[in-house]
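What follows is a pair of complexes built around chain A, which joins chain B in one and chain C in the other.
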Partner chain A sequence: MRMMADMIAHKMSVTVAFIILASGLSSHAQESHVGSLVGNAKHGKALYQRYCIFCHGPEGDGNGESAPYLDPKPRDFTKATFKCRSTPSGDLPLDSDLYDTITRGVHASGMPSWRPLLRQERADLVAYIKTFSPRFQEEPPVAPVQIPPEPPTSAESVKRGSQLFQSMNCGLCHGKEGRGNGPSAATLTDTRGYPIRPFDLTSGTRLKCGDSDSGIFRDLTTGLDGTPMPSFASALKPDQIWDLVHYIATLRAAAKLADRR
Partner chain B sequence: METGRIRGAGALLLLAVVFVSVQPARAIPAFARKYGLPCSACHSSWPMLNNFGQTFKDNGYQLGNGKDAPIYQQPEYWPITFRVTPQWHRETNDRVAVDKIAGNASSGQVEASVASSGFDTSSIDILTGGTLSNNISFLVQPFINSGSSSISQTWVRFDNLARTRWLNLKVGKFELDEPISQERSLLLSNVGGSYYNYFFTPPGDTNFAGLGGNQLGAELSGHSENDYTRYSVALLSTFPNQTYNYYANFTQSFELPKLGLQRFGAYAYLGESPTYFQTSGGAPIAGGGLGNRSFYRVGAYGMWYVGKFDFDTFYLHGQDNVFLGNAVPANQPSALPPGAAGPAWNGGFIEAHYTYNPRFVLIGKYELIRMSRQANPGIRSDLGNLDNWAVGYRWYPIMNPRAGLAWVQEYSRSLNAGAAPLSGRDDATSSLLMGFDFDF
Partner chain C sequence: MRISDTKTRYVSLAIITVLAVVGSGRWLANAAADTSAPSVSGVVKFEGTAPKPSQINMSSDPNCKSNSPMTDDVVVGANGSLEGVVVYVADGLGDRTFQPPAQPAVLEQKGCQYRPHVIALQANQKLNVVNSDATTHNIHPSPANNRESNTIQPPGVPLELSFAREEIAIPVKCNVHPWMRGYIAVFKHPFFAVTGKDGSFELKDLPPGTYTITAWHGKLGTQSQKVTVSAGQSQKLDFAFKQ
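Right after this comes the complex of A and B.
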């Protein structure tokens, strides 16, 4: 009798635990957490229909009515593959990554900065965007990549970065001088098969995922998922990545100087 | 009886379903066509701007995504939009002076109610605007009415001067940076479709300047990145009278948790207006205004959001110089009546919107003006007082990639103190309008 009672109690506790776990996962999938903000997917849906649906489509697959006319194409949220992340290559982005992308926009694309929206609204949008892919329910969040303190820029660091730029074959895509015109440039496609152009590092325009040195370090470390831009996390040491960052910064600075003249 | 009630309820239910069904909102004229964004991105309800749209406008019609310059557009892209409002409307005026016997001018006059109704079209707004280059924007807005045409707006703007969004210079004919845009009013009827406070001058006053209407001049403006802080100052000239007026507006916004964005601000409009003209053969010479006398309009406003509700609140205090208020040339001070003074008044309005979804919005407005001092003791104290209210809704059944179409219904009524032409009693006018407001 007591055994049966224990079994029932055990089954009940397992059931309760499952229900709690399931509801926890489910509610997590319907929410986003950015700092102290908690985004709500239901609210985000209404905002998505107002602001985003025309490009990203009602199913979030990047096939909105404007999509045929846009270059580059809008992101397919069902794939949960995002360029701008603080997490390692292949992993899901943090909620704050999606929030930052919505806030900043993606330069040289149809995606504007949505900073004029309320912070809560942007967090709500993140929560809704996550509902398009089951990966956000199935995969636990991962830790962001570590960005060590930036060493001082020096001529030696820039020179080493220049050499790395050549030895790592960055020029194949970005061109020998970083102009985005390397021998492979014309043949590149993203993971959806759409042609994609390497970034012209000398153009002086804003980078897609943020302009700070630490942002460039992060992009070199994580890679831009969904594009041919790989992660250099395993190929380069942090000091070497900083050297590369310093070299890229000189390309961009020269362009800005020329622009001002 | 029961069947009729059920049918009525069914019809109401059907209407409700049609009106409130949430569909993806998308639309578009010129700017949305350029960027591929839905019209609901910039408009809380077209044509009223939300903060994203206001930021886009304040950025010089630029999103800042590196694709603003026209070089990035298809060569066949032409940034043009038409807006027309075919409608049926009914206007009534409760006290009009009419001949006792129609057609007999010597039969004497009485006050009677006059009503007119019928189908009509609005004027045609043609709006072309965008960027000439990075950080140079423009707008040209011809206006075609039956038998006439004019330029409603035409300006060029140099954006982000000295690489800061706090310095933008606009030159031409433009709408002032009004607290609540007259050009973007959701109400269209003759009686309720404009903000009386923007245009008001006391009866008999010869000042023609006001906040309303597009004006000639230069405007310096700036704003923060999210547009929460904004300012504008403008130097305006009242061609052909060649007086200069000044306008300034400052807005600050803040977020309230669970409520949304809240805006408040203050404005001032001051200047001079001529009291008489040089003449030739007795006729005023254009540009020959003399005896300029001062006027001012100052006030504050707020735009308050509570979920799907938002409220625009506006306050104005106005005063005109004694010569303007009494229509007396400044070179004839002895012609001023005893006890003459500069007329002063207070006014304001509250306009509420309930945006159920981007496709359906309910609108209500109440506006009032109260004279606080008349131009002379001979004028009854409440002459010029006004009460106006309007209710309506806009439903947007079509918002497709090239056009937007709204079905509009509204009713408005104004009560004008002492305005009856014969008895001097209060006069009421009303307007009922239903029609389509479309933009493509």
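Right after this comes the complex of A and C.
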């Protein structure tokens, strides 16, 4: 009798352990990890339906009620293609990339900064956004691109950057002087077929994925997926990318000086 | 009577001999054909007046050197042969699986155009992208069922791509040279061909069976036909596209 009770207890504990393990596995895909924060998709869903659904839509496909009035269009989460990433071209973003975009907002678009939300709430939103595409469950997370320490800027570095700006054909889209008016500018579309403007580097406005030098280094390395902006990772050495960053900084500084005058 | 008997005997002997020779000949022919896997081959034509290619204005980049560059989205040759049509087995292979070949496919950027305009390869086969121009390109495939990537490629720098899933066909473009358009067709099997100047194609070494053969053109759409092949019994199949 005792033995039987033991056996039943053992069987039950195995079953319980299995259920815990299984639910742990399935909920792992419904989680996000940003620093020490663990986001929960169930909580994220409630927040999404309150804050995000009007633009990004109930299905997460970017077809919310306000979408027809927005340019650029809200992101289609089902495609899992994101501009602002720290991962190579074509790869999924890190949870922290999505968290940063929610926090920062996307300049020159309808996407505001959601800094007023709690950090935990932003992490919950990341967990829920990831449920719209099966890619987040199919593809293992990839390592972010390396950003080596920035060498000091110099006249030589800026000059090399200016030459790279020409030889890499940046000017065909961004314009010879970086004004966003290159000969190919008017032909550009995003991957959904909507017209998209190359960034006017002299406008002095904020960049979509963050304004720091290391942020520009990262954008040049990863490219902005879903847009015509390519990745320079395989074409340039890190030092050359820093040269480009330093040259772009001079275009932007000129605009800021002109503003002040 | 006797004579006629003998005659009958000779005649029947002759008939038997002829039958035996013919029979063994046929048997031999069958035995030889059994070893050769069937193929489906034919020609793709364009019916009606072919659209005239127009000159591409490449003046935005003086490094795009090409003698009178012409649009290549519909290329019709002599006798109406249609170039750049992907002909492939769309159905009939069941659950057979195929390994990608070790040999990479090669897509060249030359004269600021894609050469070839339409390329076909197997899923997970390597695609070597070559920049033979004196200018920088970006290579930007926009797949529906594969991973998007967008890479800048200065002259002479190697680039390797691959696509994991079947997709017919992935549009590829160069954003800095907006006239540059091409297609990459990806298959999970090796039974595909892209028509050249003469519009001809051949799908070789098919397992015997009934197949849906589809012809795909980037501008002119798709057409399908059913065909049955058995060992030693290759089939001819032609397609005709209209504007």
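FYI, the second predicted complex is superposed on the first by the 236 of 261 C-alpha atoms of A that agree within 3 Å, B and C clash if a C-alpha of one lies under 4 Å from a C-alpha of the other, contacts with A are read in each partner's own complex, and residues count from 1 in each chain.
By our rule, a contact is a pair of C-beta atoms (placed from the backbone, for glycine too) under 8 Å apart; a residue touches a chain by one contact, two chains touch by 3 or more.
As the structure is a computational prediction, the values presented were derived from the model and not from experiment.
Undergrad: With both complexes superposed on chain A, which partner does A:Asp225 reach: first (chain B), second (chain C), both or neither?
TA: second
Undergrad: Output check: A:Gly35 vs chain B and chain C. Expected answer is one of first, second, both, neither. What do you get?
TA: neither
Undergrad: May I ask you to decide whether A:Ser234 touches chain B, chain C, both, or neither, giving the answer as first, second, both or neither?
TA: In the superposed model, A:Ser234 contacts chain C only, not chain B.
Undergrad: Output check: A:Cys55 vs chain B and chain C. Expected answer is one of first, second, both, neither. What do you get?
TA: It touches chain B, and chain C stays clear.
Undergrad: Which partner does A:Pro195 reach: the first (chain B), the second (chain C), both, or neither?
TA: neither
Undergrad: Quick check for you: in the superposed arrangement, does A:Pro148 touch first (chain B), second (chain C), both or neither?
TA: Once the two structures are laid over each other on A, A:Pro148 reaches no partner at all.
Undergrad: So chain A touches chain B in one structure and chain C in the other; where do those two contact lists coincide?
TA: none
Undergrad: Which of the residues in chain A end up touching chain B in this complex?
TA: Listed in rising order, the residues are 46, 49-51, 53-55, 58, 65-66, 69-70, 105-120, 205-206.
Undergrad: Quick one: in the complex, what on chain A touches chain C?
TA: Residues of chain A touching chain C: 81, 89-91, 167-169, 172-173, 182-184, 187-188, 191, 223, 225-235.
Undergrad: Considering only the defined contacts, which chain C positions touch chain A in the complex?
TA: Per the touch definition, chain C meets chain A at residues 60-61, 135-140, 142, 147-154, 157, 159, 175-178.
Undergrad: Which part of chain B faces chain A closely enough to touch in the complex?
TA: Checking each residue of chain B against chain A gives 22-26, 35-38, 40-41, 51-52, 54-55, 63-67, 225-227, 255, 257, 260-261, 357-358, 401.
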